[in-house]
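I'd like to ask you about the structure that follows.
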Amino acid sequence: MLSIEGIHVSIQSAAVLRGLSMTIPDRTMVGLVGRNGAGKTTLMRSLMGHLRPSQGRMLFNGCDLSTLASHERARLGIGYMQEDRGLVPELTVEENILLPVWASRTLSASERLAFVYGILPEIKEMRHRRALLLSGGQQKLVALGRALAVGTRLLLLDEPFEGVAPALSKRLAEVILKLKASDLSIFISQSDLNHSRRIVDLEYTIERGANIGSVQP
Amino acid sequence: MKAILEANGVGRRFGAVVVASDINVKVGPGERVGLIGSNGAGKTTFVNMITGYLKPDEGQIKLAGTDITRMNPRVISALGVARSFQIPQLFGDLSVIDNMLVALACDASRSGFLRPARDPLAVDRAEELLRRFHLHHHRSRRVGELPGGVRKLLDIAMALTARPKLLLLDEPTSAVAADEKFQMMETIMSALKEDPDSPVLFVEHDMEIIERHATRVIAFYSGRIIADDAPQAALAQDDVRRYVTGELATE
Amino acid sequence: MNTTINANASRQAPAFLSPRVLAYAVGTFALLAVAGFHAPTWLTYLITMAAGNALVSIGIVGLMRGGVVSFGQGMFFAAGGYGAALLFTHFGWTDALVLSIAGGGVALLLALPFAPLLARYRGIFFATLTLALSMVTYGVLMKVPELGGSDGFSVGRPTLLGERLDGASGSYRLYLLTIAFAFGMGLLAKVNFDSPNGLVTLAARDNELRVEYLGTSVRRLMGVNFLLAAFCGGVGGALVVISLGHVEPGFSYWTTSGEFVFVAILAGYRSVPAVFVASVMLEIVRSFSSAYFPNTWQLALGLFLLLIIRFLPRGIGSLWNREERK
Amino acid sequence: MDNLLTLLIDGLNYASWLFIVALGLTLVFGVLKILNIAHGSFYALGAYAAASFVGWAASMKFAPWLSLVAMLLAAVTVAVAIAPVIERGLLRFFYGRDEVLLVLVTYALFLVMEDLTKLIWGANPYFVSEPYGLFGSVDLGRMSYVGYDFALVGLAVVSGLATWWALNRTRQGKIVLAVIHSAEMASSMGINVSRVYTLAFGAGVFLAAVAGAFTAPMISVQPWVSVGVVVLSFAVVIIGGLGSIEGAAIGALLVGLARSVAVHVAPSSELFVIYAVMAIVLVFRPEGLFQRIQARKI
Amino acid sequence: QETFKIGIVTYLSGQAAESFGIPAANGAKVLVEAFNRGAAPSPYNKPGFGGLKIEAVYVDEAGGATKQVQELRALYDREKVDAVVGYIGSGDCLAIAPVAEELKRFLILHDCGTPRIFEDNKLSYVFRTASHATMDNVALARYLKARSFKVESLNLINQDYAWGHDSKADFISAMAKFYPAAKVGQNLLPKFGAGQYGTEISALMSRPADVTQTSLWGGDLQALILQSAPRGLFKRTQLVISAGDHVLPVLGERMPDGVILGARGAYGQLAPKSPLNDWWNDVYSKTFNSPPLHAPYRMAQALMGLKLAVEKAMAGNGGKKPSPEQLAAALRGSEWDSPGGRIRMAVAQGQQGIQDTAIARTRYDATRKMVVLEDVVRFPAECVNPPSGTTAEEWIKAGFPGAKGCP
């Protein structure tokens, strides 16, 4: 599904990713582990087109991502959950979730909403609240819901369990496991190993922007 | 025992959402209190009310006997309450060392126009703190470019510059790499050795850390305190297991 | 404990006006003083005006470091200018040095009641409230016949240490006086920028909430910076009026304030000398383009500004303040 | 009574003219976070283009009401021809920078456009007063008003409502909000951010040009018409709260009424009454009448 | 060949460029060119200035008085001009006159209106080769009286800067002499460049007056007329304009009939017939496709006066380029013929000129497709200009002592 071949990415002339390679096969859940500053977020942002690799390729189903503008990537069915949530404060929870659906030409709003609420009933309860009032963890949930709304093929989740209470993080893990049964591939970054180990099919470890290993738990 | 922090019947609502109701807490010297709770339970709100960012609708908050309910964050900070933030609040355009120097310069006794902010004493103190938090090698990087975990550390280091009488940490270890979390808590706790009487309240989602570092746990759910006890006891309560740790299924 | 003390001893003297900075300043001043003696008078005059204006912009830079920009600094420029001019014509104070400081004092007095109010404002709202106040000042100046109404009034030649500043040598001495003020106040500004207050100001620009949580009042800080800026503006206004020989309500018009901001942005907030350089540059560009492209000088000025902002986003100060450029 | 009515009508007329100009300004600020000094230049361009278009329509002996269409077309032309060039060729490089720096960028743009306009249309004034008579005149007691002025009130109401509706009641509007909040996030959601920017800026330019085009019949179109307008509409937008359409409407009414009272009652205060209103509003509402909600930070 | 360099300062950008600055600069251009070729009629037919080739540099007056002071210094010191001619804005004149005096350099103010320049300062290097605003307002008042208008009430609308204020004050006090019972109703002072006058027009209409005076000019005047004509303001009041000829060609049929206006001198249609005027009209119209009006006329009379002064000074110093002092001495108190009539540097110790003027009424002539000025009344210079040794204000208050030759 997604293969990353030796990409190099620099931010303001500092090399952050140096020759990173990994593959995310169809219908799998892949973990990405690394310490703070290893480059996990940078990789995600490169995939979403906010940073341009100076070398290497990123292929999504054989299509070179670098030929697509940032907003065209979401339309391939990639859902991205940012590390810092990135909700639009003025909009309600539901509107936030619908945002990528509106931007897409193919998705149906009611269908996607039903799907998201089915998986995350917690969100449904607060769907009319404005995003700016939510607590940190609640925002995290909504951001996940939003990624789910558009990510029909691939989900990129940047530290989804961070700051989430254990009860909920257990629920999330279940949700994500459930998704694995569908057509989706999931790519999860983690600085905390505890949560993901149990659920991923394959885990890459990076350090200072380069692969140092991969395991199949 | 004299309470350093005392909250009596504190309540707060936003429109129809009750974010704190009838909160009663007394914290004595040297206590290490873990604040746990589901997302949106009101932990941050509690911290915000103690530090004056939010004013309670009802009830009273006292610091070492002084009523601080209506004071603003600056005055409360000046009284010796320091905090860190769930989302780090830093000076993104300045370097790491300058962030620390700002924190030192804000110390009331040190402000002024005609002295250098970067005098050797201040710089030494700042560097010592940075070293303690393993931030020293980031010394001259612009804070805006730091990865999330490092920002978190710096945020806490800044809270500790003033040698607080009461320390509040909002999710100090979230976004910090797993193997560093424990070390980090050690660091924080050891930084407080100079003032062993200062109580620490920290919001935490990781129960291992709670078990290891808290002497007492307060669990929140939906704006209320559902448990306030020693860690083992608190974590064993049904409500806590149901709503916080998820060991019991809801309903 | 011992180690810290040793570390101290081994460290160099702090940045408080390092000998290097002081030497640079004195050296440049001497150079300018000599050069001014030989330069054509239009050039010394241009530099005099530029230095006077730059003092106002220094004040704005001080505010900018805290994240606010005053679009109404013309108000204090005018206060200093009118103050000095009135003291000269009505009270017989003729000494240029005294008048300049008095101009700063008048501006400071005018700023005092507004400081607590303005300290509450940030960003575009600070800019526009100061703009509104300066426009009200403009309106008042226009309507007071005793102040010359819309035309303002002319001021005679002042004295310096008892001597009348007449003719070419008088202009030269005014030039010296103005650049002396520029250097003196520039150095003081540098000291202030490097002080704890200066650093916290810079921090408040990024995150006020944290500064408050560190126990420092951002409002007080902003209020103080506002007063300092007003003083700078007043001194600048007085010096300009002394050289110009004329004062008018236009000093307080928003476009005048706009030019001071223009210089401050051109310079960036990281370097004090850059403010003076920027001010001289603006005067030169404006003067030459209005002489050589009289029909398109605005176009030239606009393009020049765009180029600077585009390619030196942190101001021309970033050309030599490399360490901080990043 | 008669006087009160006069006062109100004058205030309203002035307010609606100001509002149309301010609308575009507030829109552009709302979306691109740019307080656009060059807005006045687009207004001037609209006026010039209208002068050319209406002049041409007149020379073709079209029906008089077609001059209204010509004015609208002029505004569209300005927006289509200018907005993408400026947005993509210039502003794009400055997004996300300090608000005040952006003010200066547009100030530079204003200087450049001022001279460019002069190079294109020359310094001579243009007149297109034909449309001014289209709506006849209205007699109210001792007063006589030009129907066109009331038509402008209508235009202001229509454009205000349309913009408000588009921004607050449509998906597109919500997408714009997302872009305002974070362009990177928005594009991750599949939103074509650069198109939103261009469209929003284009809409702003269009509104400025519409205001210019429909003012053209009342004034002599000549260099520098841009300057006075822009400071006034700044005042309006700031009184109302930057980025707020409701705010701009109320701001325009306040300014219009204050000015009309000043001119009728104390003409010599006209010069600063507008700024005094602005200062007073800001003293009590530091961010203007309609403040933007702040996101939770901690 | 040695040159004589003149700095010419007028509005080349901004509000005042189109109506005044650029026509004035254009006037200077044709004239300098004609002078250099020796193509002007006698006595201006010597090539250049007494053989010196004239070189002109043009500077924009826009940007405020402070900027003008700087530009003036640069002109003298950097561009090394021998004389500066220019300044339309009264505010600019007030600011720069003392500077030229201090620098001891030669300056001719060619157009600005405020009477206060020589009233407030004692100047010997600075000249104004035209009458100031008092003339225009006194002449308007005299016209109303001469044509026996009934004036019981008076409205005024003037711009909020030196020219507007001075015009307003002079007109009110002049009217008080002729119509002591007349009451001032609205006295409006809109901002320079306001552009929108709806409210002002309502204010003028809500207190109808027999006469409405304005000294608006340029785009402001055009806008005022365009906006008030459809509301019928001019049907209810007699409009009088102190500087109005320059809007006639552009307004054409939109200019209401019967408006009383002056041109700040006997310029354009009001100019007395003379070979010099015919030549001037001819060269200017040929080059710019429109007849010269107020602004180029005033430029012409300044440059002609300067030319004669240079030549006179050169005659006195053996043909060298004259020093500022020599130039000043030559121009002081001199007189010369200009296209608009004779200019006499008769007041303010010979630094300030006076000239004849004329006031007329408008009528749109549909066959010639232009506004014609008719019912002209001419006023000799001494009738409408205060004599030496008194200020405008005192002179009017005292009832125009020494006024001579009034119609």
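For clarity, chains are labelled A, B, C, D and E in written order, and residue numbers in each chain start from 1.
One rule holds in what follows: a contact is a pair of C-beta atoms (placed from the backbone, for glycine too) under 8 Å apart; a residue touches a chain by one contact, two chains touch by 3 or more.
For clarity, every value in this text was computed on a predicted model and none was experimentally measured.
Counting hops only between chains that touch, chain A reaches chain E in a minimum of 2. Chains making contact with chain B as well as with chain D: A, C. Per-chain Cα centroids separate chain C from chain D by 34 Å.
Centre-to-centre separation between chain B and chain E, using Cα means, comes to 75 Å. Taking each chain's centre as the average of its CA atoms, chain A and chain B sit 29 Å apart. Chain centres here are Cα means. That of chain C falls 39 Å from that of chain E. Listed for chain E are residues 13, 160, each touching two or more other chains.
Counting partners per residue, chain C has 142, 209, 295, 297-298, 326 as the residues that reach two or more other chains. Within chain B, contacts with two or more other chains are made by residues 44, 86-87, 89. Interfaces, counted as pairs of touching chains, are A-B, A-D, B-C, B-D, C-D, C-E, D-E.
Of all residues in chain A, those touching chain D in their complex are 45, 48-50, 69-75, 80, 82, 86, 88-91, 95, 99-100, 102-104, 130, 132-134, 146, 150.
Chain E makes touch with chain C in their complex at residues 12-13, 57-60, 63-67, 69-71, 73-79, 90-91, 94-95, 98-99, 102, 114, 116, 120-121, 160-162, 165. Only residues 297-298 of chain D touch chain B when the two sit together in their complex.
On the side of chain D, the complex with chain A involves touching residues 171, 174-175, 177-178, 181-182, 184-193, 293-296. Residues 51, 72-74, 77-78, 82-83, 89-94, 98-99, 101-103, 105-108, 110-121, 123-124, 128, 142, 158, 161-162 of chain B are the ones that touch chain C when the two sit in their complex.
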